[in-house]
Amino acid sequence: MTGWARAAAVARKDLRMEWRGRAAAVTSLLTGLLLVLVLGVALGPDPARAAAVVWVAVGSAAAVGIPRITQAEADQQALEALLLYPGRREHLYWGKAASLAVLLGAVAAVVLAVAGVLFALPLGGRLVPLAAVTGAGVASLAALGTLLAGLLLHVRGRELLMPLLLLPLALPPLLACIRLTDAILTGTPAGVWPGVLAAAVAVFGLACPILFEVVVDDA
Amino acid sequence: MSGSAVLGTAAMLLLAGAVYAGLVASPPDAFQGDYVRIMYVHVPTAWTAYLAVATTLVAGVLFLWKRDPRYDALTRSATELAVLFTGLTLATGSIWGRPVWGVWWTWDARLVTTAILFLIYCAALLVRALADDPRRGARLGAVVGILGAVDVPLIHYSVVWFRTLHQPPSITRGEIALAPPMLRALLLSVLAFTVLFAYLLALRVRVARLEDVGDGG
Amino acid sequence: MTPALWIALAYGLVAATVLLYVLRLRRRLRQARPHGREGGKS
């Protein structure tokens, strides 16, 4: 089996297991929607705040959901079994990152749609740029989140530590997504933010797979 | 006299000199008045904090590469010093900001970056402490330390642009033209804190090495 | 508060924190050091 087929197999396995239980998807989606509601009430209905509300909600939803993606591995010590297969661990990382990206992408799409209704945002006709920004933001969160999920696998209280690690480290892509979403919705220039988002995707996409191998190494 | 004692004595003497230069031998600033003297302790703590972060990055990479426990002791010590000095930087910055700017905190990029770094390095210490196996904790703590250090420029510039593109910063730090005695006081205290950092790092590494031996490796 | 108090607060805070940290490290050093090996390894 080639590396990429292996990565795809890991992603399929994760998504199938998630589809059966749906624990991570449902809890993180509900967290995201709850935050949209709470922040909307607290900050008021000003559409100018909607982009910040959406991405704070998506970031927090990710922090809630990500620890679950290695739950099965933690419960059944299945990661050790996966690691016994020959070949490079990087594909395990990319498989998990892909399934996490699908999960977070779905959460982000629903959160954005609900925020669009609640804040009366002009989403229609801007779906392609919005999808591109959301996709890149989700990719950076998934790249970082997969590393953190592996990192916290053998740490006590990993659900508690996940937000403490994810949110400060993911601050640059979250800020970039807020400004870009805002720019798309109001039709203002994007400025430096595509570069910041691309830099975040590149930095996390390069550093996290390498560090993941160190993290899951059982030696 | 051991190397550590030499470093400690040198740090003490330099710090005493820096306090003299900062409090007695330098004039008050034209704009900030005597409050500029707080800068002689705030700037060096910030410098030391970033020195500790850089040390964590280098030592962490070396540890993950060579897997030598001595580099782990260095990484662990530098992470702890990074938390200590980012915390002190935030505190002294607030103490300076309150009388000069009238506020304890502004959303300046440097402040936000330092606060975020403080949190990331606290998390690195927590991950290390809560890992189920100290050897695994060493690796995980190094990974968080490296990730935090690599993320610093990204965090800093994203906060700078986030704050400046929409609204101009309400308070800008004016260009401070430093008179020679003030520059001397600042450089002397930066030097003193650098030596202090070396002393603290050496001391902390010794403690870490001895405690590792006590734990049976 | 007068400038002197603010300055004393900043200098005092840093000095006290560093001093307490050094004292704590030295105590841990004494506790961790096996007995009878004082000065044997520096």
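Assorted remarks:
Note that the chains are named A, B and C in the order they appear, and that numbering of residues resets to 1 at the start of each chain.
Please note the rule applied: a residue touches a chain if its C-beta (ideal position, glycine included) is under 8 Å from a C-beta of that chain, and two chains touch if they have at least 3 such contacts.
Keep in mind it's a predicted model, so treat the numbers as computed, not measured.
Of all chains, the one whose Cα centroid sits at the greatest distance from that of chain B is A.
In this view the innermost chain, defined by its CA centroid being closest to the centroid of all protein CA atoms, is B.
For the pair chain A and chain B, the distance between mean C-alpha positions equals 31 Å.
With each centre defined as the average position of its C-alpha atoms, the distance from chain A to chain C rounds to 43 Å. The distance from the centre of chain B to the centre of chain C, each centre being the mean of the chain's C-alpha atoms, comes to 16 Å. For chain C, the set of residues touching two or more other chains is empty. Of all residues in chain A, none touches 2 or more other chains. Chain B makes touch with chain A in their complex at residues 64, 116, 119-120, 122-123, 126-127, 130-133, 136-137, 139-140, 142-144, 146-148, 150-151, 154-155, 157-159, 161-162, 165.
Contact residues on chain B toward chain C in their complex (touch as defined above): 2-4, 19, 23, 33-35, 37-38, 41-42, 45, 84, 88, 91-92, 95-96, 98-99, 196, 200, 203-204, 206-207, 210-211, 213-214. For chain C in complex with chain B, the residues that touch the partner chain are 1, 3-4, 6-7, 9-11, 13-14, 17-18, 21-22, 25-26, 28-29, 32-34, 42.
Across the complex, chain B is touched by residues 147, 151-152, 154-157, 161, 164-165, 168-169, 171-172, 175-176, 178-179, 191-193, 196, 199-200, 203, 207-208, 211, 214-215, 217 of chain A.
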